[in-house]
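Two complexes come next, and they have one chain in common, chain A, joined by chain B in the first and chain C in the second.
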Partner chain A sequence: MHREKILLLLLIMTIGATGCWDKVEIENRAFVTAVAIDKFEPKKDQEARQEEGKAKVPEDSPSNRYIVTYAYPNTGLIAGKGEGEPRFQFTATGKTISDINNGLATRMEGSLFFGHVKLIVLGESLAKDEQLMREVLDAIERSPQIGRKISLMITPGTAEDILAVKAPQEPALGLYIRNIIEQQKRTARIADADLGYILRSLHESKAAVVPRIVASEKEVKIAGAAVLKDYKQIGWLGELETRALMFMMNKAGQANITVEMDKILLPVHIYHASTDIRIEEKDGEIYTIFDISMEGELQQHLFEVKGQTYDDKYLKKLEKTVSKELEQQIQDVYKKIQKEYETDLLQLNERLRKNKPDLWEKVKKQWDEIYPRTKMAVHVATEIRRIGVSR
Partner chain B sequence: MGFFDDLFAKKKEDPRPKIPVEKNCEKNLDKIKEILAGSDDIIYRTFFVGNEQKMKFAIVYTEGLADKNLVNEYVLKNLMVLSRMADMEVHAFRHQVYEVIKDGTLSVSDLKEIDDINLAIDMILSGETALILDEWDKLLIIASKGWPTRSVSEPSTETVIRGPSEGFTETLRVNTALIRRRIRDPKLKIHQMQIGRRSKTDVAIVYIEETVNKDVLKMVKERLDRIDIDAVLETGYIEQLIEDNWRSPFPQAQYTQRPDSVAGSLYEGRVAILVDNTPFALLVPATAITLLQSPEDYYERFFIASAIRMLRFISVAMSLVLPAIYIAITSYHPGMLPTDLALYVAGSRNNVPFPAFIEAFLMEAALELLREAGIRLPAPIGSTIGIIGGLVLGQAAVEAGVVSPLMVIVVALTAMAAYATPNYGFAISFRLLRFIMMAFAAFLGLYGVIWVLLVILIHLCNLKSFGVPYLSPFVASTTSLKDFKDIFIRLPWHFMKGRPQYLHRMDSDRLVNNRNTIETEEGGTDEKK
Partner chain C sequence: MKRNNDVILSSQLAAILSTTIIGVGILSLPRDVAEGVGPDSWLLILIGSILALIHGLLMYCLVRKFPGETLVEFSQTLLGKVLGKVISFGFCIYLLIFSAVEVRVFGEVTKQYLLFNTPLEVLGITLLILAVYLARSGIEPIARMSEIIFPIATFTAVLIILPLMPELDMSYLKPVLRTPIKKFITTIPAIFFSYVGIEVLLVFSAFVKDPKKIKNGVFLTVGLVTFFYLSITVITITRFGLEETSHMTTPVLELFKTIDIPGAFVENIEAFIMSIWILSVFMTLAVIYYGASLILSRLLGSKEQNYLVLPLMPIIYFLALIPDNVAQLSEYMEKFSLYMGTFYISLVPIALLVISGFKKKKGGNKSA
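Our next item is the complex of A and B:
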């Protein structure tokens, strides 16, 4: 009997000891869908803000290091019964992100909820500061609410401006951006924005590629990518460069490659591409070999040029030209990231560790020096599966 | 079993001692009149028999319960008129007159001799006719039960689309006949007894000797024997007195109004308990799975039957947890919803003055009220209540902003799910648990929901119905994989060759002639087994 009582007591204690203490009714939460984090630059920032008539940042204080902006949608409007602005935005400055969150609690009626954050934008000035960048990345990774499937992006200007974009279609900016990211499946020009990938890549190879986001008044454009090395941004890649990189990383969904042949412009829509990366050691040199096989569809030829697209030899020639074109782009980009940036964006070190552990044992200590000297080969095999409707 | 020992240990002896029948008609009649004094519906009729009109006989019966025609035509007429025509040699028959009357005069099929007046009174009160003979120490009981009964009609509780529309009536004999019609097997046993010190209600234990689980049968008999109550008005009395665990919210016996469902259960090896004066029969042992089955499962083709059965499992889960999950997610875990939905829910709950728990509790309580009101009112008005409550109240509540539209959807879904459960008693237990679950969800979130689910699961694992685990075939040691042919899905008949293993049945062959041989007979493909 005594034992049973103790057991009962223990059981009851488990109810109190664990469980959910953070009860907030759903309508009292502010569902932050997008977060913008900028570096606080004292004088310049204040003056600029005054001119643009933005919310006034509190007194210049030496302890301020970040400007954080949260955007959350007016949920009443989504359910079709509220009114007012489609989106609310709060900006605050502070020493650390958690300081800022605490400070914001004094200004907002709801409590901040980060479970539905879809987008985190970092300003370029922040991304280039290693110390701040590492703090921010750790804060993001440590938060149990923020998911790993959200998008992390870097903007050349200030991140706050991205959140100010008045996208007419969607009150929740994060969802709007997410929908754009979905387009990644249709174009390879957007780098992989998955936070999980970026964090993992930074952990494993100290390098990652993060999409670039640019804002205008009513829309945003996501194209190109920022290159991170040693936890900070060191440069940009253009749209086509990003596309080539995505092909190398086996992340290219769909792409358009246009080649010129016999003075005819021929756009080929690649709807499937898969990349096989191998690393081989030969004569003391390390080779990275990219084997890309693609399937595509000819989308345009020239009116009233008959017979050519039915000619097998012609198509073979076209396939070869497309392959050459992509091979050239890939070689250029590879050279850029290898020689110019000296970053292991393709995570070759991880590939070596997993697939060639013996070789990795030999090179792991001087990998940073060996990597820029490794050689590469790329082979693209294109197959034109469809030529469209033709007479 | 300790509980039963406590409850039934002090079974009282029959307080009435036996009253022997005397050899004097007058005295016997007086005694009966004395015991039945004040009952004006008892008919006494004394008359004289024989050429010389010297023998004084009397009959006693209850008006309304006994078949007057039968008594007049085949008892009184034979004794009073026809016996006079017989050329009775008085001396030759003098010492045999009672045998002659019993075996040669009364043209009724069911006759009993008894020598206890108290027993005779029981018989008279259940509709039999007592014939008191002069100078003989026994009474003749003539089976003359015949009272107006409700005709066999469609059961009101378990309607099916396909299947017989016969339902039990309030007369035990009709009910046993309905079962007997479905089981023309000499092994079908109908063991009858009387329960109730005052009511003397007829109770029948029905089973098929070769398929029944002997342990269950023994337990049923023991427990029924131990019941000592003044009256049994419905099977519910018996169910509550013989169930294994009275603290459990779950019913441990299944009740049904359908003879086909009783017959089906008997073939599976279960035991049926029928009680006079109620159209509901009890089926034991009941398991969670049997309570989720409908006779139609076996009549429809197996695709449809299986799909509907799985729908039923989902509906049970929904009726239990849906409001609780709504509360838990809106109050604690909005991160678990897809973003679009979370934003919509938050928006639809804007300006709702109550927290989710109060809101859900109010709506669920309103629903239960509505249901109760609908049952109490006569059928034509009942539907009006449904419209007022469901449409007007729900619509008004949403428009007034007191509850969110999503809550109304949740409540409506829960109600529909609860009504989709075939067994009403089983559905009620889930309805009760739903409120407990909602309370736990309100202060512990999903953790509380899981907590209550675990407690329920532990309880269910522990629960037995007449020695058979309630969660059979999931927990029983006698379970075999074969039992799962008829749990989540119902396999086509030609796969179900055995009876359920978890009932420890004896004659396990259910379907001997399998489909392949049938096809061969029809000239189809000659498949080998």
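Our next item is the complex of A and C:
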């Protein structure tokens, strides 16, 4: 009797143990680390692709709208057991992204897994198309697998080229790019903007900056930023412009500012900067005031000029020059953002709503018209703490 | 006849109530409050907790008068045989629907985040079988289980949240107190029904060793749950901002997807959170499932409840499969908590309390 009971229990347990609908062997799982999405431009694309000798895109599908490329590492190789290419890459075209994933299943032996995506690159032509851009953003946001700490970037060329980069240092492209982004702490030329920030900023202010990525044969460069307004790209910011923007956003980690004083070039390494943004209303005008305080260190002077740097007065003068330089840069960039692009990248609308609710109630409805007319002021206070080891 | 394992302490009651209250609602709570009152969400949660406390204390006043009795017995004493039985049977149905909601939401969320290909039916049945096992064993194992699960769940959740701290932007709680009162009033149901589950007190009070201490249990429960809700909501809102929080279906799970533990190669941490959440959903389910079977057994006048547990399973299962999609599910949930929830959390205890007051004035001829 007892034995029969145990037998029955074991039998029932086997039923439970077979229920693995979601079992995927790890070798058969394609851990996508990087995704590139481009707009499909029928004629032009076909010719160019054939010249470059890239994978052919089927011509008989007029409904193609996207070209999507997935890159995933050879997990066997990483584990030290397999052989072959360190990275695999698949390109497909289709009407929507999930269509493409579906179509890819007919060509791949593994199943795509997006839980480890580190990078999504968008081509410029896609980013400039509002309809496609909104579709892509929603697909990314809706996906339960894609996290919010990943990088979303825009490239001036085609996004597919980014994935083709064979970086000798790090075969897993997603990780390679992530390591570059880590440098954000060291240089503010890389826009500090992850997917979470971009989505949030777009929801709140319809504007965001997206890091720019440029590919060459063996490396990528991440610097500068694309400006999104109304869910599409409207322009670029250069490296130094991005840096100034990061100062305004209080996201600048470290930076190098070089000024010229008495015909001597003086690079100052800024290692700490914090920005305070205030919005004030004065005589019917709205002022945005940036108070930036930063600390730095002199990196270079001129050989055989003795004693000059070891002098408080001289340093104070230098501090002023550095502050002026940054103030000028910030004013220029702010003008570009505000007058040329008319985007609320600094999320002044949110700041107003939080800190000046009464004022916000008044301007809420016509904010789009009022914003370009607001004024700004910037005050930078630099402290140069150290001058290196020589006087 | 009382089995020897039919006695719990008031602290155990608090653990049961807390794990019952924290269930499926936690995932969408920040969304609902952020959508309703925006930056003043914290205040709304405090208001909700006061309401819950008041109701908890009202129930305490009621059950104190009938030590060792559940809703089935004292509603019959107060309202007469027929009406009492109808009310109790309704409560049983209410708990069954409540169980079905838990099962369905559990299935939907697990399918969305963890097991993409596993059929919803299988997910539901697996959880139900496990709950049957616990519900059959009686009140004391349930109490011990919730005593184990509650600290594990809350402690782990807090631990996982820590790396998020530097990314929180407290300015999202500004401006303070600028929300129109009207919005507060319309959103109060959402937060009040996050405390749904407290009404099982009407049933479980019968087992508490020292009925006078139930009051402490109620305070402890509301305190713990409020602390948990408050921290989760504030963290979600300050991490995502108001716009995004109200845009997502389950902001709390998204929250855990934003965590990168610095220096470690640990990613996709939501799997951990999912497992903790599943534990707490399981606990909620087991408690209300047990409650339903207990009421049914008392209604039928039987001494044991455990043989009734298994027959109830198909009912819960089929109820759980009724909604066609997630949107309909949340619509049904809203209506369910609005009508049945109000009825059993507010109306029934208050009505019974008032009636019991009258009966006592008459001379207490029945309470002897």
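Throughout what follows, the second predicted complex is superposed on the first by the 367 of 391 C-alpha atoms of A that agree within 3 Å, B and C clash if a C-alpha of one lies under 4 Å from a C-alpha of the other, contacts with A are read in each partner's own complex, and residues count from 1 in each chain.
Methods note: a contact is a pair of C-beta atoms (placed from the backbone, for glycine too) under 8 Å apart; a residue touches a chain by one contact, two chains touch by 3 or more.
None of these values were measured; they are calculated from a predicted model.
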Examine A:N355 and indicate which partner it touches, taking first as chain B and second as chain C; both and neither are also allowed. second
Based on the superposed arrangement, let me know which partner A:E204 touches: chain B (first), chain C (second), both, or neither? second
One more residue to check, A:G115. First (chain B), second (chain C), both or neither? both
Thinking of the overlay built on chain A, is A:G388 touched by chain B (first), by chain C (second), by both, or by neither? neither
Under the stated touch criterion, which partner chain does A:P42 make contact with: chain B (first), chain C (second), both, or neither? neither
Between chain B and chain C, more extensive residue contact with chain A: B
Would you check which partner chain A:K149 touches, where first means chain B only, second means chain C only, and both and neither mean what they say? second
Once chain A of both complexes is superposed, is A:P372 in touch with chain B (first), chain C (second), both, or neither? neither
Overlapping contact positions on chain A, where the chain C interface meets the chain B interface: 19, 22, 115-116
Across the complex, what residues on chain A touch chain B? 15, 18-20, 22-27, 29, 31, 33, 73-82, 113, 115-116, 118, 145, 172, 174-175
Seen from chain B, its contact residues with chain A in the complex are 329-335, 339-340, 342-352, 355-356, 443-448, 451
Chain C partner contacts - residues on chain A that touch it in the complex: 16, 19, 21-22, 115-116, 144, 147-149, 196, 199-200, 203-204, 350, 353-355, 357
Chain C residues touching chain A in their complex are 39, 112-119, 122, 126, 171-172, 174-175, 178, 240-241, 243-244, 247, 254, 257-260, 267-268
